[in-house]
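Two complexes are shown next, each including chain A; its partner changes from chain B in the first to chain C in the second.
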Partner chain A sequence: MVDAKIVNLTIEGRSVSVPEGTTILEAAKTAGILIPHYCYHPGLPIAGVCRMCLVEVEKAPKLAPSCATTVAEGQVVHVHSEKSLDARKGVLEMLLINHPLDCPICDQSGECELQDYTYQEGREDSRYREPKRFNPAEDFGGDVIYVPNRCILCTRCVRFMEDVAHDPALNVSERGDRALIGKFEGKDLTHPWAANVVDLCPVGALLSKDFLNKARAWELDRTASICPNCTQGCNVTMETRENQVVRMRPRPNENVNAFFMCDWGRLNYRWMNEKNRAEHPMVRAKNGLVAASWEDAISATARALNGKKVFVVASPMLSNESLFLLTQIMQGGGGAFRVTEGEEAPLPGVEDLALRRERAANVYGAEKLGFKKTRDLLGGLGQGDVLVIAGEDLAGIDASAVSRAGDVIVISSVLPEAAGKASVVLPIANFSEEEGTVTNLRGRVQRFTQAKQAPGETRPSWLVLGDLLGAMGKQANFFLPSEVFAKLASSNSAFTGLSYDSLGFKGLPLVDAPATAPKAPIAVGA
Partner chain B sequence: MAIKVKVVERPTDDVSYVRATLKGMALTVKHLFDVQGRVTTQYPEEKSPISPRWRGTHRMLTTETGKARCVACGLCPTVCPANCIKLVPGEDEEGNRYPLVFEIDEFRCIFCGFCQEVCPEEAIHVGRHYENSEYSREGFVYDLQRLMDQTHPVCEMWDPEDPKGE
Partner chain C sequence: MGYPHHPNPRETTVLSKHFGEADARTLDGWKKRGGYKALEKALGMQPADIVNVVKESGLRGRGGAGFPTGMKWSFMKPGDGKPHYLCCNADESEPGTFKDRELMRWTPHALVEGCAIGAYAIGAETAYVYIRGEFTEPLHWMEQAVKEAYAAGIIGKNAMGSGKRIDVHVHKGAGAYICGEETALMESLEGRRGNPRIKPPFPAVSGVFGMPTTINNVETLIAAAPILMNGAEWYKKMSLSNPKSTGTKLFSVCGNVQRPGTYEVVMGFPFKEFLYDLCGGPLHGRKFKAVIPGGASVPIQTMEEAEATLMDYEGFVAGGSMLGSGGVIVIDDAQPMVTVIARLARFFAHESCGQCTQCREGTAWTTKILERIRDGEGTVEDLDTLLDIGEQMTGKTICVLSDSCAVPVISGIKKFRGEFEALIQGRRFHPVTAAVA
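What follows is the complex of A and B.
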């Protein structure tokens, strides 16, 4: 496939040149033409069962399913000709024969391809007068619920479980108009990547129990982000409603997660909506910690840090920018972090994609910036050093070690227990409330953006640390996270040449990142 | 140069105010003795008839079991141009889609009737009712129970077959 022959054809009057072996549907995409389709998905083997992508190819005896027809030299394809529109109208009418049209109570409403294409090219009324077939909704296990009445039998879910998850759990049961998606005897959708069938389902037949009846698709604000729940760094779209993260869905990136994300990462978003937050900067007075202005808190912190060795206990959830600024306040001290671990769960159908053992976003970045991964968080804390706790809660750590510290500064989005000993508390935004970059386990630097508003007087961590550096008399004029990143790129050789502009929303590997094999595309007809 | 004024000779009948004043006074006196019947409506004892398509206070219709017909589909808060409907979707005891919170701010509402028009379940309606009073502004935020408790007749939708409602 390296020196593939280029084929020239015409689609809807536009000339298109694509490598040999490309399907008409994919070739049309490159020309900006969307051919309606249900069963085709770029991450799954081709089935050609929905008949929705029928197009007219000149000199061909009949309409061709564009998802399963490869391009040929000099082909002339008509996507919106009368003949193909008529065929697709017929397909839509047939799909809607037994569809309950319960859009008002269907979670998919608003992001449903059946709804979209019916509005786009379907009939305005039904000619079907007979009663519709009815099957009760079924719990498929895991996070998935199946509503057979809405199903259009595209078999995307069946193919995902069989060819991508390698855990054949679903099949098409029964025949003819009684056909529905069934589970194999004794099987459940408990595979750690099974909830991807909810995203793959073009209609409202497979629904997430977690998201069920929570919001309508059109009420959600969508933000490009990175899943912070393990070191894989799957690209996600964070969806918020009324300043609450309500779900995360995978965002395609062929270099990281293809089209998928695991269930654990997907469902682990509630900590971002934490209500019990540190909302105001606090400074220790005679009667304990009292709320203070940002200026006072920053200058109190700068006074506490100046001239001291600083030991930083950081969270691997912090961005590269914040961790870099933390290294700038160390003044000869060190930094440590710890990471919670769990079972590794690979997705066999995609190369180098797994739910990783280390469950934090920026483990690799923290190590790259000189933080030491250790269970004994406070081991490096010297007598009389200033301890800076950034985003870490010190839960389960022997608190007696904290007493070695000359002073304790807490920079966190929630108040950790160690705040009892702190002389200053600086509240920061959490992962979903600020912008930055994280580095995944293959050394790929990826941007995430702000999905929701931070509460109270909370500020983004890079801004707080930048102000702190300024107050300590160091060169720090940062107004944007991109400026912090530019400083990082110029001072750390591993980040050389990277910038927010060059990273884009798919990320780039570090200079010394281990070379990774390209993702194996799924073979046509596999 | 002296300004020349052209004086137009008009018949006295046309320029005299006396006749016009008397004519006006005659009309006033005529109404004083109620020759044509009273025109003042004695509101509130007496009320003017309102159109069957009057769009007033909202009302939520209920099912035979006394539950709101609403399925929390979210179309009315979406279509509402005044943004006066607050809806938090959820589930009822049987697991069916049902509003956890459904509030209409009657002050903010502009009574366009789009909510009734868009409702796929014929649940929310604007009604043929306009007399509301409260001691506080908060009282005009009607919750689901209050909307269900309304008993006034609801607005009839415009019928293209009978555009004037005759």
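What follows is the complex of A and C.
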């Protein structure tokens, strides 16, 4: 787009300059004008069927579908003129004549574009007096349920499956007003990325089984975060209700995940709501681990670590900040981590986007910070070293190796079995409860923020480790994760120049990360 | 009466000259009648010259839109390095239209010849004849004609020894009205669901398989041969009123007339004489009430309008309607207009592809209201609602099926409002009770 010719036009009285070939709808967005639309989606080929985005273009004989009309020099576009409003009012009325108007029991209610635009510019009443068409709801397989009565046949789902997932499982069956979304014989929405059709559906026709009847849209708190479930680092919105993560949905990022996220990542959030948590700092006394104050636990830990070589077994789910602080307590020791693996599942329509084999958020960051990826987690543990178990449960690891350790410190959200040997347990927040950054497999550093409250006396890992360093006399205490990151950026050359402010919510690549082209919007008719 | 009829002396039979002659269907019979001479002549000409002759003749699209054929052909730029395609739209599905069916039934070789000339003129090596799924008999004759033409070397690798390759494929549709819309036809031809495409790009830029394509009606392509043989001047002279409408036109007449059938007259023929003389006037004891002159998607004419109309592109527009496909549907005073219009609307609702909101919902809604009025359940507000829905369905969708459904409804309500109101007010329609001959 660098060399593209710039076209100047006027939209709703505002001057707009955009590259040649831009659609009126996208050009209007740059001027802060949202032209109502249903079938158009920037991640899908253009269909031009809902006819909602009709706008008046001066000197044109007919209203133009702004999603399918490219800009022309000197064009004067009216989005809210009487003619365009009248046309959209007409479309809204027609979309509603066969709609069941069952918003009170519809999962989409509150985040429904049919609802929004109807309230915004639709008619107050309907003139439709005839019986409504009825089709029964259908299980589409995977995580998806189809409620045809609510469907407005925008065909976003059909186009996603065909042109982005390259698994044409859906079609438009029948025609005219009998038309509905159908599934090809023997096909199910079992593609690893199929659940994106639920997000793409602008109305309540495609619903997530997982989220069904779980919450009303307006009861949710939404937090910008990163999907922690693989190394792709898809940008997500974590949605919570009453301090429970109830849904994760993709947040657009043209450099990472376009508009999508995989089903596995999307549905794998229950561990963040784990109830069996370490909630209080504990220190070993004569009769076992007993609850202690944070001050006592931290100083007990500092005493245990001081002057010792420390071996850290860390979780690749921990943030860059926490991993960095862990490296500061090693005192000549080392660090190791392991990562769960699964099958890679690419989304063919988007370049370099896949559910990755390695299923943790910060594998690349951990390696960058000097932790060794190994299956033999305790191999590097020297006789008499202090073993710090940070976020790792050691499940399946030969526990006898632990006995080599001079002392064991557990820093974790849940208690691993090895806690039985720990002299101190420091309870930390899990991924959804704290703030930090993670580095994805292409070396992109991205921020995640706190979506829910941590239970009990639990504290964020960066705070706990910062206090510990302070107690060990190594470093002034940190008050914000951004301060930890600043320290990291100043001491690790790969992170040079990065800060929370410059990262924003779309992230930036590490200094030495390979250059990647932004994922271009999917071309028309692709 | 028997069909096909003996031509009325007032007809000018150019394309329909050999209707009823079974022998004309065979290659030999067709050659005996001067067949393939025009193709031979064409292959000896430069494609640009053929386009010029057709341009000069004033031939306009016979499928409904009336776009100048020569100009359409000239959009196909030679030497663009892409394969060009010719599509013959033989998906004649417009209610009341059956002229292409007759052309293919009786003179299949004329269409093969027309396709070959058209393909050569636009620089295409391949012509597709997209034939309506229900046309089993025309399909049979077309397939036979193509087979014979291939066997005789008239088309194929080396068409008539010219060194040019011209392939003609006959493709059977699956019975959807919408596939007669040119872009839906191309989608269907490519093996997809027949949904109209957004224009632009127009077929001349990106048509079948994304390549430059020209789509012509059966009658248009067949008319190219006599134009080449007799010259543009000869064709241009066949015009009784407006010089922009030239040549002859086939009209298929159905409905409440004495002699329904396919008639060929020179452009500008008086519609009144056509209806009363050629078609024999109304049935015994009845009176004409209305005419739909160009297939179901053009405005309904009252008899006053129809009787003052000259039968050409401009004349029908002046008479409050359109020439359309030339499918004349005659309605007499025994027919309740609401029933007629409701039936038309039901057709469009059934045939809407369902892509665009206004068409998918509007055609069905219109039908439901009309049928309710027909059944005596209408309300006073219904007519305003119908007109308003019609307004929403006009000029706002990808193709014109939506507009086509609105046209008879709007024109019907405007011109026959009394019949609607009578039904709404509870008065039943009383057809004339005269005995039918």
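Here is the rule we go by: the second predicted complex is superposed on the first by the 521 of 526 C-alpha atoms of A that agree within 3 Å, B and C clash if a C-alpha of one lies under 4 Å from a C-alpha of the other, contacts with A are read in each partner's own complex, and residues count from 1 in each chain.
Keep in mind that, in the parts below, contacts are C-beta pairs under 8 Å (C-beta built on N, C-alpha and C of every residue); 3 or more make two chains touch, one makes a residue touch a chain.
All figures in this text were calculated on a predicted structure; none of them were measured in a lab.
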Fit or clash - chain C, chain B, common chain A:
fit
With the two structures laid over each other on chain A, which partner does A:105 touch: chain B (first), chain C (second), both, or neither?
first
Which of the two partners, first being chain B and second being chain C, lies in contact with A:176: first, second, both, or neither?
second
Applying the document's definition of touching, compare chain B and chain C: which contacts more of chain A?
C
Please indicate which partner A:52 is in contact with in the superposed arrangement: first for chain B, second for chain C, both, or neither.
second
Could you look at A:370 and tell me whether it touches chain B, chain C, both or neither (first, second, both, neither)?
neither
Calculate the angle at chain A, using C-alpha centres, between the directions toward chain B and chain C; round to the nearest 10 degrees.
90
Does the superposition put A:219 against chain B (first), chain C (second), both, or neither?
first
Give one of first, second, both or neither to describe whether A:90 is in contact with chain B, with chain C, with both, or with none.
second
After superposing the two complexes on chain A, what is the shortest C-alpha distance between chain B and chain C, in Å?
25
Following superposition on chain A, which residues of chain A contact chain B and also contact chain C?
none
Contact set on chain B toward chain A in their complex
71-75, 78, 89-91, 96-97, 120-121
Interface residues, chain A side, partner chain B - complex:
103-105, 109, 212-216, 218-219
Listed in rising order, chain A residues that touch chain C in their complex are 46-52, 54, 61-63, 65, 68, 87, 90-91, 93-95, 97-98, 127-130, 152-153, 171-172, 174-179
In the complex, chain C touches chain A at residues 176, 178, 193, 198, 349-358, 360-365, 368-369, 372, 379, 381, 385, 391-392, 395-398
